[in-house]
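In the part that follows, the structures are each spelled out as structure tokens.
Two complexes come next, and they have one chain in common, subunit A, joined by subunit B in the first and subunit C in the second.
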Partner chain A sequence: MAGKNQIQKLMAEVQDPSDFPEHSKSPGLRLLDSALRCTICSELYDGPVTLKCGHCFCSLCIRQSLAEKQECPACREEEVSEGHLRRNTVMEEAVTAWKACRPYILQVLKDVAQHDVASSRPSKKRRLDEDLYEQDVACSSPEGAKHPPAVKQTGSPHPDELVDCPVCSKRVKYKIINEHMDEGCTSEPEPDFSSKAQWENLLGSKSLLGKKKKKGKERALSEEKDDPLPKKSYDTLRDKAIKALLQEHDLSTTGSRQMLIARHQRWVSIYNANLDKAEKLRKSLPSLRRDLEQWETQQKNKTKRPVVDSDTYQIKQKSEFDKLVEAARPKKPSSAIQTTSGEMSAAPAHVPRSRTISPSLAEKAIVVDDFEDERMEN
Partner chain B sequence: MASISSRRLAKELMEIKNDGCPVGIDLVKADDFSTWWFTIEVMGESLYPNEKFTLQFRFDQQYPISSPAVQFVVTDGREAPVHPHVYSNGHLIALILSCRYVHPFLGNEWSPVLSVVAVCVTLQSMLASCKEKQRPVDNDRYIKHAPENPKKASFPLNA
Partner chain C sequence: MDARLRRVNKEIADCKNDKTSNISLELIDNSPFHLRGSFPGPEDTPYEGGHFEVDIVIPDAYPFQPVKMKFITKVYHPNVSSASGAICLDILKDAWSPVLTLKSTLISLQSLLCSPEPNDPQDAEVAKHYTTSKGSFDETARYWTQIYAGGPGKMEAKSSGGSKDEVAIAGLEKAHVDQFEALGFPRNKVIDVLRRLNYRGANVAQISEDRIVEELLKP
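The block that comes next holds the complex of A and B.
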């Protein structure tokens, strides 16, 4: 079954703390790897930001979470809004450095392990985790942890070797290059240890080595565009105005009003989250647009998936709904920049009144998404 | 094309594979990224000795920002536990995904930092602390009109 293959493939590909041997064998490595991961998405922090309480998340992750509920997902501290997010540049640098040395450390550990075994197959590289390796083999070619390359390459590189993505020219592990391109180049770039750029990352300094001039490809968002996009209160905007907003950023203007709003909101999140990254780590606008398109495709695919009944599909952007709900209500005057406190007032409306359970439970009963008709598809 | 939700679920699966599930909880099915099944048993003294229940999780593309849809499986001879918070069709009353048993400070609502296993543990604890085996008082009324997906349940009933 396709799903099963997909799940195994992904399990073999995702990186997580268990890539490292347990604590008794390599003290601290798993802990370190997990400390540098966002607890929402489990990936290494991407544009880490910190809340008032000190908890840290990827900018895009926490923005999505705050759109659902204005609290810290880790400690539930309330009345948190996007305005409270602060870039965590130290964490970002730590993650950049860790990304650089992670494959190196894994390789060293592997070599050590192989040496210990006095392997009879010295040329055959393998992952430390035999189990993973087997899975990888099982769902791809018998050659091992390789997926057929889309990029023509003479003499396949080692799966963990970094290659230049032909699309975005980021450094990507060979074994995930296809996946990476399929995803519209969204996966974590694998910094090159030796390059000047890497030194720049490690030193965390823009000034030390001087700014890089733009290369052949498009440059990341430039400094002049450092301002985050304001949130809009769409209820005051006609369709035409929303389309104009989208056009401003070269985004598609097709679809229902709901779709237009969802698209623009998502764009604002993606765009602003990108600004929470160090300039050299930011994505280009075309790359952000691809992210947006991919997101939209995923929303649609999910609704079509045969495995689940269509009912299962939930509104993906409750914040959108909040806005629509708000639109239907008498509104206090607000500027075009909608502060997130505006959304808070709408929040209690989502708390289901439960009938028979004790008040304490009812109060706290999970907020469910029940706006079934809020779909990306018209 | 792997979405954030799929990647996150793959990692949860990796964790289960590496560390196993807590005692009394077993993964029985995770063929894809939309539906997973676990069995749960209450360990130690309880009103449910030797009873094993199957729990179904369904995920949407917003997971883990949005909570999974959780319910007990009641097909092929499987039954939902008799509990004041569990309807006979397997739905949980008002969707108590309370994770307070696992994360006391987190209260009862879903948070994206929680995991599927955390929800299993929560429901296991919910059963373990049960004082009286009975159905919710509105069981008959509820199951007559219940939506297929328990996440849809609260709205129509509140309306």
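The block that comes next holds the complex of A and C.
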């Protein structure tokens, strides 16, 4: 089940470009937010990598896509493989900066909008906004709290564990997350020098301190920590050999052969995608292992209970879905009730082999939106 | 929590926010992975004025596997099964890409209605009709739009209530059906055979009456 951490992460990620007002009101902000998002997962880039053609995706997203088909999902350039992926460090820096200033800009926009409302026919305008909210589907409580409620759940992280703030995405200690949000995300997470990891970060990986304290497997991994794991051809491996591969990384060796292979494949993807991030943004090995476990649980739930067959599953998903929508709702600045679409409207810029969706059609869909807006404004 | 749900959630929100594309998405039951999409029939086509609904199932591996779509509304089109609503469209199969969205896929369906591909048909009989007598095909497609998709049409057709014109639905000439019915064959069998043989337009001259009777005599 989803723990608090997960739900918070989720809420943090329900942000999209439509959080910003349309182009005519705040030129470029939506486009900027959209440009910093991966077109596969629609989130801000996480470990961005570039293909030969120049298109950019999250490392894990494109690895998953390449496992299905060896082509660029955006332009369909063929014969693309994981070996062609190149880290896009500049994009990563841009995303990091954008994540830091995004909540600030949203707050400023909100303040400006409130000021406008207060100074000109307040009641009328507010009513209009509320009406628009009503129309939104699956929006059960638009007048929810300013911040998404922090749900108490079993399996909560340790009070000192850093979790992603659902509002500003900053890493904040779990025990102060609620105060942090109540203060409008102004409180800076204090640097934590208590853990070994923090010292190592500070002193760099080459530091003696960091090296001395590590031993065994952990050291072997850290010394070659920029080397991606090679892909294996499992056909030639016995179960025992696959288990050994898993053991090497402290991963579970239970389950059928098929599960062992899937687990190892996923591990290689997660591990290598993590290496495509800047060192300071990389996750720890235990945290990667947790990601793998989480993924495996999801896979099991999916295969056990196919969507179309089970009512209980649907209801469970629905409530999670409602939570998401609800969580996403209060964050939208009142001024940002939009007629334009965000990045999800963007069909691929170029999909040559497809007979029905032409690049021009896809582009038109976006451009028309913007013009439409301007016309309505004028 | 799964990336698929997050993405689908955004896609639905995006469709709600977008008032210009005319594409809409709704939940069918309690699952965000089973949706109903709809769009207006494109202008200057026999589908103009109709409202077309599509059943959408989002697979576990979405967006790495294509979304499953089929028409709920009956459509007369070479690339849509006239019986099941199944759709033959490359992006729903091997030409899928994870950057495609529910909205862009529905827009693709809309443009599929503008430009049929009879050489890669889903419904062979409809495709034959399209290639041999375009005029008659358009008329039939328009009639289907009228009776199944709420499209505009003659008053008589609309007011006739339950009794739809089976001959027009099959895209046939009333005179042809009457002619063979007069020989003593049941009307629905005549319609069935003439439709299968594509007894329309220039094809009428190609098919002898004996051939039709022969078909009609088969059990």
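The definition used in the following text is that the second predicted complex is superposed on the first by the 189 of 378 C-alpha atoms of A that agree within 3 Å, B and C clash if a C-alpha of one lies under 4 Å from a C-alpha of the other, contacts with A are read in each partner's own complex, and residues count from 1 in each chain.
Quick note on the criterion: a residue touches a chain if its C-beta (ideal position, glycine included) is under 8 Å from a C-beta of that chain, and two chains touch if they have at least 3 such contacts.
Nothing here was measured: the structure is a model prediction, and the numbers come from that model.
Shared-chain residue A:64: touches subunit B and subunit C both. Once the two complexes are overlaid on the shared chain, A:111 sits clear of subunit B and of subunit C alike. Touch criterion met: A:183 reaches subunit B, while subunit C stays clear of it.
Of the two partner chains placed by the overlay, neither subunit B nor subunit C lies in contact with A:78.
Once the two complexes are overlaid on the shared chain, A:41 sits against subunit B and subunit C alike.
Applying the stated contact rule after C-alpha superposition, one finds that A:298 touches each of subunit B and subunit C.
In the superposed model, A:226 lies in contact with neither subunit B nor subunit C. Comparing the two interfaces of subunit A, the one with subunit B and the one with subunit C have residues 2, 6-7, 10, 13-14, 16, 18, 39-43, 61, 64-65, 68, 73-74, 76, 298, 302, 307-308, 311, 313-314, 318, 353-357, 361-362, 365, 368-369, 372 in common. Chain contact summary for the complex, subunit A toward subunit C: residues 2, 6-7, 9-10, 13-14, 16, 18, 39-43, 61, 64-65, 67-68, 73-74, 76, 135-138, 298, 302-303, 306-308, 311, 313-315, 317-318, 320-321, 324-325, 328, 338-342, 344-348, 351, 353-357, 361-362, 365, 368-369, 372. If you check the complex, the residues on subunit B that touch subunit A are 1-4, 6-15, 17-18, 30-35, 58, 60-62, 64-67, 69, 84-85, 93-98, 100, 105-113, 136-138, 147-149, 151-158. On subunit A, the positions that touch subunit B within their shared complex are 1-4, 6-7, 10-11, 13-14, 16, 18, 39-43, 61, 64-65, 68-69, 73-76, 131, 179, 182-183, 294, 297-299, 301-302, 305, 307-309, 311-314, 316, 318, 352-357, 361-362, 364-372. Across the complex, subunit C meets subunit A through its residues 1-3, 5-7, 9-21, 26-27, 29-34, 57-58, 60, 63-65, 89-91, 95, 97-101, 103-104, 107-109, 111-112, 115, 117.
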